[in-house]
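In the two complexes that follow, chain A is the common piece, with chain B as its partner first and chain C second.
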Partner chain A sequence: MKRPAVRTSAVFLTVAFLLSACTQTNPVGTNPTTAPSAAPGSSSAIPIGIALAQTSNVALLGQEGIAGAKIAEKYFNDKGGIDGTPIKLIVQDTGGEEAGAINAFQTLISQNKVVGIVGPTLSQQAFSADPIAERTKVPVIGASNTAKGIPEIGDYVARVSAPVSIVAPLSLKAALKLNPNIKKVAVFYAQNDAFSKSETEIFQQTVKDQKLDLVTVQKFQTSDTDFQTQTTNTINLKPDLVIISGLAADGGNLVRQLRELGYKGTIVGGNGFNTSNIFNVCKVLCDGVLVAQAYSPEYSSEVNAAFRTAYLNQYKKEPPQFSAQAFAAVQVYAEALKALNQKTKISTMPLPQLRTELNRQLLAGTYQTPLGEIGFTPVGDVKQKEFYVAQLKVDADGNNGKFALVK
Partner chain B sequence: MSDFLNTYGSLIVSMVLGALLGLSLYLPLMTGQLSLASPGFYALGGYIAAILSTQVFRVSGGLFPIPLLLLEMLVAGIVSGILGVMVGIPALRLRGIYLAIATIAFVEVLRVLSLNLDITGGAVGIFGIPQPFQTPIEYLWIAFPLLIISMVLLYRLERIRAGRAFTAIREDELAAGAMGINPTYYKVLAFTLGAILAGIAGAVSAHFLNTWNARQGTFDASIVYLTSVLIGGTRTFVGPVLGGMVFTALPEILRGIADTSGLPTWLAGFLRDGRLIIFGFLIVVGTIFFPQGLVTPELFKRKMKNKA
Partner chain C sequence: MDITLFLQQFLNGLSIGSIYAIFALGYTLIFSILGIINFAHGALFTLGAYFTYALMGGTFGFNGLFANASLPIKLPFALALILGSTLAGLVGVGIERVAFRPLRRKGSDPLLTVVSSLGVALVIVNLIQYLVGAESYSFPANTYGNLPPSINFGTGENPIPIRSVQIVIFSVCVIILAILTYCINRTKFGKAMKAVAEDPITASLLGINTDFFIVLTFFVSSFLAGLAGTLVGSSVSIAGPYLGIAFGLKGLAVIVLGGLGSIPGAVLGGLAIGLVEAFVPSDYSAYKDAFAFGILFIMLIVRPQGLLGRRLIQKV
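Entry: the complex of A and B
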């Protein structure tokens, strides 16, 4: 009878310890405001929050973003930071859930005392967490949120990721340029993915605007691996062009099955194809697929050359779009802080004022980023000059693939 | 203190909501029915609140009136209750693993419906849900009384005829039936009460999360809440409340520990990145050493005896 009691009390003790850990961390977090000299790294460096997914099924996207942001941190600190003061990224994991994003934002805002936040990974998480930042008046820059309505959440919400409505139609237009005889179009999209759902609506609208014949719309799930029904139905309708909005794994498999069943026409992929992971899925069969991009490693500018070299050195592959966008988001903060510091010393400003001023400053500027020159519309959406359409080029043995720019 | 509330306010509210969901799974378990339908009703309640607040009660500017929020909770509870009866009567003819599968299927049906209907916004879901409060912590004004009321009702329920009937069915359905208890009636009653509670919790959650989509209340969520109920304890209502709270808070507490100063970098890094590994490990340890859950009625009995 005694042992269970010991066990139970041991567990309660553990729980009590875990709970007390919550409170313990708190004074540490508040240190910078009360005793700036006592906490090294917080008074000397300017904290910028990164709220991206490091765990769950969206971690793949989040980690690409963190890689880009880390390169930006090093790049700008090597160039002297904010007039001698370095910036410091504080990364909090959002996971793939809405509640996780809210908790990460709360921790960054009240405990880590960041001046601004980059993130979260998914648009759905942004709808949940961005209002929190808006209410506490902390600037947020989305680096991978492309859904309609994100910058409209509030004055403090902006993004450097161009919305689908601008990027998606470009690849379709490129396909028409390459083959003007395209008439019949089939559309596929992943029904359970928020991004694919909004992207396909843009694609379908563009198809109608171009006076093309939309022969079929097929739905699938991002978890699907077998697309026999959808592909055979579609091939019977003899389309000249297939447009796919999906993620790399399902979209790549879909391309493979379309080709294996004998489809010869053009294929246009959505933004989900914008990762080198796609080559592992469909190998040589995805050769020739057209994808519109908000970033191209081949874009020639000083900052992109530096970014690309740093990325290649560290990860031994070309930087993906999400890394470039996260880099650009950190860059916007770094340059806006610099501009602000020249007007008034930011070290003298109280945190709430700094956040408000920073938000005003970052929306006003233009930035030479790896994405090309960007600025913001009054509501906070990105104004980007350069967009690209790339064609997937894969070696005959299917081992090496790259995105080749379509001029 | 205010800093603590700012940082962990939303977590505290999530913990209370987690406890409510734990209770909604516990209700069918009181009659020994392993039902995983709660997250489905949770999602349904959330959609009802999201649609009502963004399309029916349009409030321009300012905070969303709290009476309207209470009305939404009422509507969500009623609709979930009616659906609970409709699903409960046929589904509760199944037992054990078959009931679990049927309820998972029910959750999937709701998920696919919400992906395909226009009114639920497809995969993007519904966003821009108006806020009744300035800060997340103020949701406690709604969530905490709700939890207290549910706990008081469950405390009473465990001691009146209906609750005794639930326990009798859990221990031996045949014997209970032979004693004149109508098992179907009581099983559907418990199931429906759970559905109502989940629906109401969903309505609060939709406002709390600002957005609602088909990823809320999926099969994964069912498993997490079932785990929290099983580890918390299935023999008294305190177990699910404790389990729901601890399991909602655990990932965030581990994040907090990782930020404690003075820890070696590798340990802090492991606590931060390996949070979910530790989470899984604790679940395994919990099920091995506490097969009955952390909180068992014996725990209270022994305390009483010690005092006497």
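Entry: the complex of A and C
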């Protein structure tokens, strides 16, 4: 027997998994909540589940969401919580896969006994995990799920993230307004990402509707870093406009390689570009990229000013869209809980009843969020009043960038 | 396919392949000495890139436990590259000391070493994420001084642009190959390393300090991982803590294709996989990994020892 050897191996794997666990389960509050049949008592905080990615290659998006949700938790608790009872976020890591999202949902529902869930990060995770919440009648609000068909998953599934079908065409139309001579268009998309596939279909349909010439459609994977083959093929076709549906890391690298290889035309980025993290990837080479936005830090309102200030103080950069949407999702829960509590004391309700009543209440309300005024359609899709198109403006040294609104 | 497109994709293939080759050189070095795969190599690749980034910019970034923490110094790229790679090399030495040596001393099954190195890789990747977050980071635009973004190898009508950073990586790959080949074949150190690789017990009886040469191999291999990580990071940004893990799988394919333990084979395998990927039709470019591994699969059936590997002779 080689026990010491086995022990050494086991020690390393154990340490690895423990370290993973450190980032995977991170209850924001103190104690888990009450028994399955009991509602959260007035003395304990009201648990809201956050199922977002803290690990994997989509961790960046999930971490943006968690940052926004935590700011919302503090903001609403500072304002008195739910008539004196604080809310408490319980964060479960979904990773980047469907299985991780399912596990996170199951833990939040059955062990943490949350009243509702914000998440998961990716649309493709939502298609797998949301039906679990639907079956157990737990409200879910997607804060970053923009693919077609998310609210239709069930009665308990809603979202504050505007569908791609509304947002995506705006940036293409802005590009045509800035340069009416655009004729030839090349499209790139990450084929392993449900959202990017959904978004590219909208973009390609808009290209056809605008009677433009779609010269090539190039596919890649979100895990790719090198795009030389695709970019040189595309540059040879001399497009006037390139549209990219991908995430910040792969999309940013694609922009960088297009520019370095000499492409000088207009670039439109999809929703994955809508984060200040894009500046870290392509720096000054991102300058001029057009992005449609469901959130603008420049939107003027009391709650957005508070959110923006809190974010700037903590992270020293402008808040990204996913943070604003996660804030809005927590806000919907906080305000719906408050409205419900004023009708019937929520501490008297059994948890299953509270979840059902909360779902009904949140769909009925309107909310003044950092995204502007939002409400929900009967099926649970967001009704949002304001949308924006921004152009990335980056300093010559590439260290500072911002999303400048295109008027 | 016209000649311009062919040349374009050929040069693309060489530049992509040189990235795989430079990654695989360190991988294969440990295999050639110890006969094991160090799965922590990808994590060291990432770590080297972060070390150099921090040393060059004087900051660890905006996320994680080290958010906005700064270093008292900012080094020029060349110096940061050497120091960052050296730090990766030292981490590699630490890994050898705590995760490999105890198992080797006990004469453990090589499978346990694989598990141990996988554990180390997970620890490092999670530590990076915990300390500096999952954010992507890019090296500054002036990292390579006044080098133009790309160089055109074609004419006005038929441009063949190649990114300058790719040419730098290709050149570094050739230089490292030459240095390694010289050191291993022509120096006393190299000959001693080969003796340890051939038979550590006999080497030890001949007065060679096997532990020292194994540590040296880990240092050189991890230094190369850090160097490769930095060069790739400067080419495509440091795309998060998992950057090296993605390259790790490709690196494994490269050393198997080139011939396990063969240093020129690692370079040849890297270039071959890069060329296969470059010539995948653009409509199927998202499936380039499947093409690359498909070629590897066919190669294993036709020539199991790889392109430059030696056929195993079984004594009876």
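The rule is short, and it goes like this: the second predicted complex is superposed on the first by the 364 of 407 C-alpha atoms of A that agree within 3 Å, B and C clash if a C-alpha of one lies under 4 Å from a C-alpha of the other, contacts with A are read in each partner's own complex, and residues count from 1 in each chain.
Operating definition for what follows: contacts are C-beta pairs under 8 Å (C-beta built on N, C-alpha and C of every residue); 3 or more make two chains touch, one makes a residue touch a chain.
None of these values were measured; they are calculated from a predicted model.
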item: Partner chain in contact with A:E260 - chain B first, chain C second, else both or neither; value: second
item: Which of chain B and chain C A:I132 touches, first, second, both or neither; value: first
item: Which superposed partner A:S198 touches (first chain B, second chain C, both, neither); value: first
item: Touching partner for A:K317 - first (chain B), second (chain C), both, neither; value: second
item: Chain B versus chain C as contact partner of A:Q63, first or second or both or neither; value: second
item: First (chain B), second (chain C), both or neither touched by A:T55; value: both
item: Partner chain in contact with A:I102 - chain B first, chain C second, else both or neither; value: first
item: First, second, both or neither for A:N277, with chain B first and chain C second; value: second
item: First, second, both or neither for A:Q111, with chain B first and chain C second; value: first
item: Contacts on chain A seen with chain B and repeated with chain C across the two complexes; value: 4-5, 8, 11, 15, 19, 22-23, 55, 191-192
item: Complex contacts: residues of chain A adjacent to chain B; value: 1, 4-5, 7-8, 11, 15, 18-19, 21-26, 28-30, 54-55, 92-93, 95, 97-100, 102-103, 106-107, 109-111, 123-124, 127-129, 131-132, 135, 147, 149, 153, 191-194, 196-198
item: For the chain A and chain C complex, residues of the former touching the latter; value: 2, 4-6, 8-9, 11-17, 19-20, 22-23, 55-57, 59-60, 63, 191-192, 216, 218-221, 223, 225-226, 228-230, 232-236, 248-250, 252-253, 256-257, 259-262, 277, 280-284, 315-317, 397-398
item: Sites on chain B touched by chain A in the complex; value: 3-4, 6-11, 14, 115-116, 122-125, 127-128, 131, 134-136, 209-211, 213-216, 246, 249-257, 259-261, 272-273, 275-276, 289-290, 294, 298-299, 302
item: Residue ranges of chain C touching chain A (in the complex, touch as defined); value: 5, 8-9, 12, 15-16, 19, 61-63, 67-68, 98-99, 102-103, 106-109, 112-113, 115-116, 118-123, 126-127, 129-130, 133-138, 140-141, 149-150, 152, 159, 161, 163, 165-166, 232, 235-237, 239-240, 242-243, 246, 277-278, 280, 282-283, 285-286, 288-289
